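Note that the chains take the letters A, B, C and D in the order they are written out, and that residue 1 is the start of every chain.
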Amino acid sequence: MAQGEPASHRRLFERVLSVRNRAPADESLRVALTCEALLSETSEVSGLRLATEILHAYGTLDDAARDTFFDLLLTRFSPDRNAIASAVAAYSRDPGPAQLVDLRAAVESPRQELFRRLNMAPGGTRALVAMRRQLLRTIGDHPQRLAIDADLSHLFRSWFNRGFLVLQRIDWRTSALVLERLIRYEAVHQIQGWHDLRRRLEADRRCYAFFHPALPDEPLIFIEVALTADMPERVWPLLDPDSEVVDPSHARCAVFYSITNCQDGLRGVSFGNFLIKQVVQDLGNEFPRVRTFATLSPVPEFRKWLEHVINAGTEQRPSAQFAALLATTDVSALADDGITPELRNEITRLCAWYLLCAKENGEPLDPVARFHLANGASLERLNWMGDPSPQGMRRSLGIMVNYVYRIADVERHHEAYAREHRVIASHQFERLAKRSSGTVKFRISED
Amino acid sequence: MAQGEPASHRRLFERVLSVRNRAPADESLRVALTCEALLSETSEVSGLRLATEILHAYGTLDDAARDTFFDLLLTRFSPDRNAIASAVAAYSRDPGPAQLVDLRAAVESPRQELFRRLNMAPGGTRALVAMRRQLLRTIGDHPQRLAIDADLSHLFRSWFNRGFLVLQRIDWRTSALVLERLIRYEAVHQIQGWHDLRRRLEADRRCYAFFHPALPDEPLIFIEVALTADMPERVWPLLDPDSEVVDPSHARCAVFYSITNCQDGLRGVSFGNFLIKQVVQDLGNEFPRVRTFATLSPVPEFRKWLEHVINAGTEQRPSAQFAALLATTDVSALADDGITPELRNEITRLCAWYLLCAKENGEPLDPVARFHLANGASLERLNWMGDPSPQGMRRSLGIMVNYVYRIADVERHHEAYAREHRVIASHQFERLAKRSSGTVKFRISED
Amino acid sequence: MAQGEPASHRRLFERVLSVRNRAPADESLRVALTCEALLSETSEVSGLRLATEILHAYGTLDDAARDTFFDLLLTRFSPDRNAIASAVAAYSRDPGPAQLVDLRAAVESPRQELFRRLNMAPGGTRALVAMRRQLLRTIGDHPQRLAIDADLSHLFRSWFNRGFLVLQRIDWRTSALVLERLIRYEAVHQIQGWHDLRRRLEADRRCYAFFHPALPDEPLIFIEVALTADMPERVWPLLDPDSEVVDPSHARCAVFYSITNCQDGLRGVSFGNFLIKQVVQDLGNEFPRVRTFATLSPVPEFRKWLEHVINAGTEQRPSAQFAALLATTDVSALADDGITPELRNEITRLCAWYLLCAKENGEPLDPVARFHLANGASLERLNWMGDPSPQGMRRSLGIMVNYVYRIADVERHHEAYAREHRVIASHQFERLAKRSSGTVKFRISED
Amino acid sequence: MAQGEPASHRRLFERVLSVRNRAPADESLRVALTCEALLSETSEVSGLRLATEILHAYGTLDDAARDTFFDLLLTRFSPDRNAIASAVAAYSRDPGPAQLVDLRAAVESPRQELFRRLNMAPGGTRALVAMRRQLLRTIGDHPQRLAIDADLSHLFRSWFNRGFLVLQRIDWRTSALVLERLIRYEAVHQIQGWHDLRRRLEADRRCYAFFHPALPDEPLIFIEVALTADMPERVWPLLDPDSEVVDPSHARCAVFYSITNCQDGLRGVSFGNFLIKQVVQDLGNEFPRVRTFATLSPVPEFRKWLEHVINAGTEQRPSAQFAALLATTDVSALADDGITPELRNEITRLCAWYLLCAKENGEPLDPVARFHLANGASLERLNWMGDPSPQGMRRSLGIMVNYVYRIADVERHHEAYAREHRVIASHQFERLAKRSSGTVKFRISED
């Protein structure tokens, strides 16, 4: 801990005290001044007390006061430009190791040390994750706050390192406190209360989550798995809370049907690929007869892409009939039996083409595809009306896709994707996409 | 994770493979090249595999190979001087936020990201702490490796933040795995096997340790406490494994008679003050009748100081009789009853003066005094022949000191010490020191 | 384990095997024969296998087959009358210790040993508790099965001894498996789903349950406590799932508002008094400022008693007006504001008289009163319209009573009740009851 | 709980009080009178208080007072002879179910209810187990106390039913409290302190124990297993605390080299067969490549038998040379290399004969043989000088035996033993024994 210069320390302390007696409007200033006191505190025990005080006070700030506080974090806790300037000058004159140490110290944001010290307080990690969540909400209007976010994000990547995470199986023996959070967080296929959740934790299901020891009872990410006889085409039978529970020992397939990042405050700190890898391994040990590890995933940006290409005048674009249908907000007619085979063929072909060939900077446009393909999965099968729920229709036109994780191939597929962005797909899938390809190889990303 | 440039990635990979087939003499180079592959890896899952591989291989290196590896960490994973130079130049031209970001990235040591990635592997944290322990042993001969240490130390300060530590009470119900480590680690008063340890965990004793979730069963620091009727003068009755166990509910005093940092690899990451604070609090709750929280501490550098001042020609120096005695390596004669009251008075006066007045840069010379006084304790009592063990005689001439933690005063005392390095002592202690003071105020630190 | 005579053992085994191949109609006979094999088995390991087999087969019996099995338990596993007769004769001739041992062995029901052996199987205890639950349902029609019940009940009293029970606090961190059972079991004030349960486990509430180690996750009895400022008159504010949570540190009163025995199969094995005693102690330690430990209890047999005395021609009987009201099944009119003060006075007086003076065999008629008074509580206050819910009106005419547990008096009150069935009540309560008393001391129990 | 007759209850209470004030010589009477109060107590909560008081007072009794207390248990808490007589008379007149209930009640020892009530107190089970341990020590001199033992033993068989036991793996992560007890209890091959114990818990060993939930940290029985490449002939390499730890994944054999019943107070309540069965199952799951489950067991009564048959004039008796050697107390000469092959052959043949053919009531004379053979093991191999330790030589003449548990055969072997006391042995073993058999089939049991 840096040695505080006694005299200035005393002055600061007096300033804090005087501010403490002012009107509540100054609350955020008071918090910021206590933060300064914390940064110059030489005793870790006193620092702990100050940190506790700050987090408590921060928790009581309203939106406006928090806004002011974020501004103060920028104005008072950013690196000192003069200090940087002289460190830069010194290094330019003589680029030795001592100068480098000074330069590094000068450019490091004092906020990082501030956040590390705040973390010492009981509940510190939780409070900082919440602070970033609140900060991120304001960043659209205050892009300069990205500098604050960079500091928090840097720390979180270090603190939430895979080496510190704990994988836990979630089942009906798990505490209600955790289960209630699953209900609240689930983002892919909403959990309709406790009855629904209970079904998702029965003997033919598995649910795993990553936890961090400093955030007990707080899942960071969780995945829901169904153990089935075959690789399923449709998601709603898996979501039916009254479906029959089957004997998992007969299962040949493990379906990852939902994966949810729980903490907005940890956005950008990735857990998903570790989670899938670990779960594939654990399930493989528990169920040696399970051979297929597959997802049942949406194609969440398919419709957006279609609407984009309608006007792009390229070959890969919807027919007039399809375009007319897309023009109506409600595409639920697609789910009807009355739809012509031609239209259905057209849509599935377009979707296969979208997943395999529509790219940006060499990578698939679709975010779900990017995630699984980069993880080493392959595109296996396209399922017509796999999810005819309103959300499924609105975003994916009801289509769902199975990505498959083959243990023996995952690493090789990942390498191929990492080096050349090569997308691995089944023959069936490639044939489907090819039928859609015209003579001109169109790439949306080349616009 | 930064996007690896595919082509160079491939070349690197081929280099790694070719190295893999070479002679075992190249083992450390192979490890270093795999480290480069890990740094440029874009898949976290593949990164995890590489990290596991590296830590395994590192674990098999002999001393010589490890030495080579540390050199490679310096030559291959230090910041790029050219990159720094151009970032410095860019910032000098236009000190905007984007230039600052680039500058910060340029000065950060790639080792930090390397260590973060290594930490992802199972047992990663443990392996990195061991790596730093091994590194520190070589630093005397290789001061340039301080740069590596700075990176590890920076990460450990962040990872072993107080907010991530867990306080645990240690008793006879604790696992043998942990207890065995206490026996091995105890540095102040050696534990003579299981029988001795058992006595230190009886009903009239308390033992607490900090743990980190990523290092299960591995104490970071522990403290041993005796619950006694009065503040004790001598340490050996506390250390007697066959002493009678007393009813702790009658205790009025809690004596901290040993505090040990367990992990050489975490040197400089301080836990002690948090531990004492927490333990004082917990004991206060458990035993409301305990009023005195005191240490029974050695004066580990007293004799060294005496030998230093013998020749310094200052007023505070040993008498001829005492100097003659100090000249003999073995000072055990002091423990005899035959020693004259004059000599005893002289020694205790000198010791009191040493603790209160001998300073360097305004702080007490004695490291134990510095630790407790900075924590807010006060110097209470000096105990003649408190520890006549060979080690106690050799370092402290058998003297022990009680530092006292008074809950109501701790913060104020700490402030006084932090601002002005004011040392708080009992009247008795001050009087003792004064009798030793001549007219000229001598300060060892003013030499 | 008694030594089986090899030859008969073999014959039995063959009989079992032959039965195994018969039609499913013989399933209950097959189970009974396997029970005989179990009783004569000399190897504990083989016995364990048989026990497992029996419990599995028993679990698949339908109602009719179970009925047959209970009959077989009577006919095949009751003490042997001839053996008793000769043991009785032998003892009559020579009442020595050996004869006593033989006599005791002859009268002990072989079912007890059978049940002890069944208990060895995994899940044995759970299965036997379920068996008794099923048995008890049939006892009305088959009073001779009380002999089977006596055996199970004897074992359960021994196995569910207080010394083997574990008290656990239930809160929102408890597993969903246990919480779901609370919802299902709660008998006093139904829990309306998870939202309701969550409120009952907030910071100003406490819930405790007894568990037995052989029945993990299975509460035997649980009690719900509200921490309040004052002793409450009405129950519905406590039951409102949307009521505000108050700071428990301000509480002065702990209200036991619900206590539920969960296991029909453990009927007659009492846990309630231990639970209340323990909870009073634990709460007293956690909240030293809580001075009043009170119940808010129904008067469940008040209305039944009223209907009984209407025609009894005694002094303590409803007025004509009240009698008319009681004659209508729906007494919800009582909850209206329009009810005359006279009628209200009459009802409360009668209720006080009922609780204090209506007795049978010297003990209060009301079962809730008997339970709490025998535990050492006293009758404190009668609350008009404490529970105007349909069930509250139907049984208690909406009246609720506070019984109070005063730590200092509990033992003395219990003694007074145990020796002389003296009922301790507040002055207010006694005055209320007295106004109801006519000149002739009527006791319902004296009819 | 039976309703106490108030008046007599009061008199009893007064008697207890008056006794309380007498001299300490009456302490055991005071305890006994409090026991009477406990038996007639109608409140379970007051009962709990009395039980706690009794156990505390019992714990302070010295040997003499405890002796008096055991006598009081006989005189004051045995069944009432007059009550039995009239119940017997009533049953003789009319053997109906009501009379049977009365007869059963009359013959049951009041001590059983007393012990059940004592068990309710905290630590009750532990105290009762200790009481039986102390009782058993006195039974040789007081055979009439077998009646007390019968009551305790009956309860313990019920309470320590297999269904209530918990199997736990013991390793170096187990609490020191438990491990210290293993060191103290180990009866087969003494554990020489913590260093020795640690070796027995390394990666190539397994240790399991049964616990009862009411006796936490108190092992009831434990077994030590070594994972080895082959079935071992000698025990000392397994006991060498400095032997090398081998990789357990290569093991083909699991050797049970020690099994210890820990609680003298639970003598006669058998756990061993369940333990072995469970451990064979668990090890089979953990190490699928382990095919052989074998013991390495002493032949503890071999030498005693030899000394017995020397004078019996039968064919199976030691040669003159051997008899001379046996006559010397110290048989350590056998362990020398100088011993003639003839003598060695004679001894091994006699030992094989002893194990296979020396019987009493149809069962093997050797208690270890009886235990394993009844469990379904078979006699596999006899190992010359398997245990040349002083105890091994003194009892087994250094011979050790491998009994083998073959999962597929265990049940069949057990049946054969249970029905006909057939002893299953390897061909090698039978041949060895046969060479020892003369023409006249001698059975020690036929004397």
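Here is the rule we use: contacts are C-beta pairs under 8 Å (C-beta built on N, C-alpha and C of every residue); 3 or more make two chains touch, one makes a residue touch a chain.
No experiment lies behind these values; they were computed from the predicted model shown.
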Farthest from subunit B in C-alpha centre terms, which chain would that be? C
CA centroid of subunit A to CA centroid of subunit B, Å: 39
Dist(centroid_CA(subunit A), centroid_CA(subunit D)) in Å evaluates to 60
Distance from subunit C to subunit A - Cα centre to Cα centre, in angstrom: 52
Got the subunit D residues that touch at least 2 other chains? none
Which two-chain combinations qualify as touching? A-B, A-C, B-D, C-D
Would you mind writing out the residues of subunit C in touch with subunit D in their complex? 4, 6, 9-10, 41-46, 48-49, 79, 81, 84-85, 88-89, 91-92, 95, 97, 100-101, 103-104, 107-108, 116, 119-122, 124-125, 144, 147, 150, 155, 157-159, 161-164, 166, 213-214, 270, 273-274, 277, 374-376, 410-411, 414-415, 418-420
Which part of subunit A faces subunit C closely enough to touch in the complex? 172-177, 179-180, 193-194, 198, 217
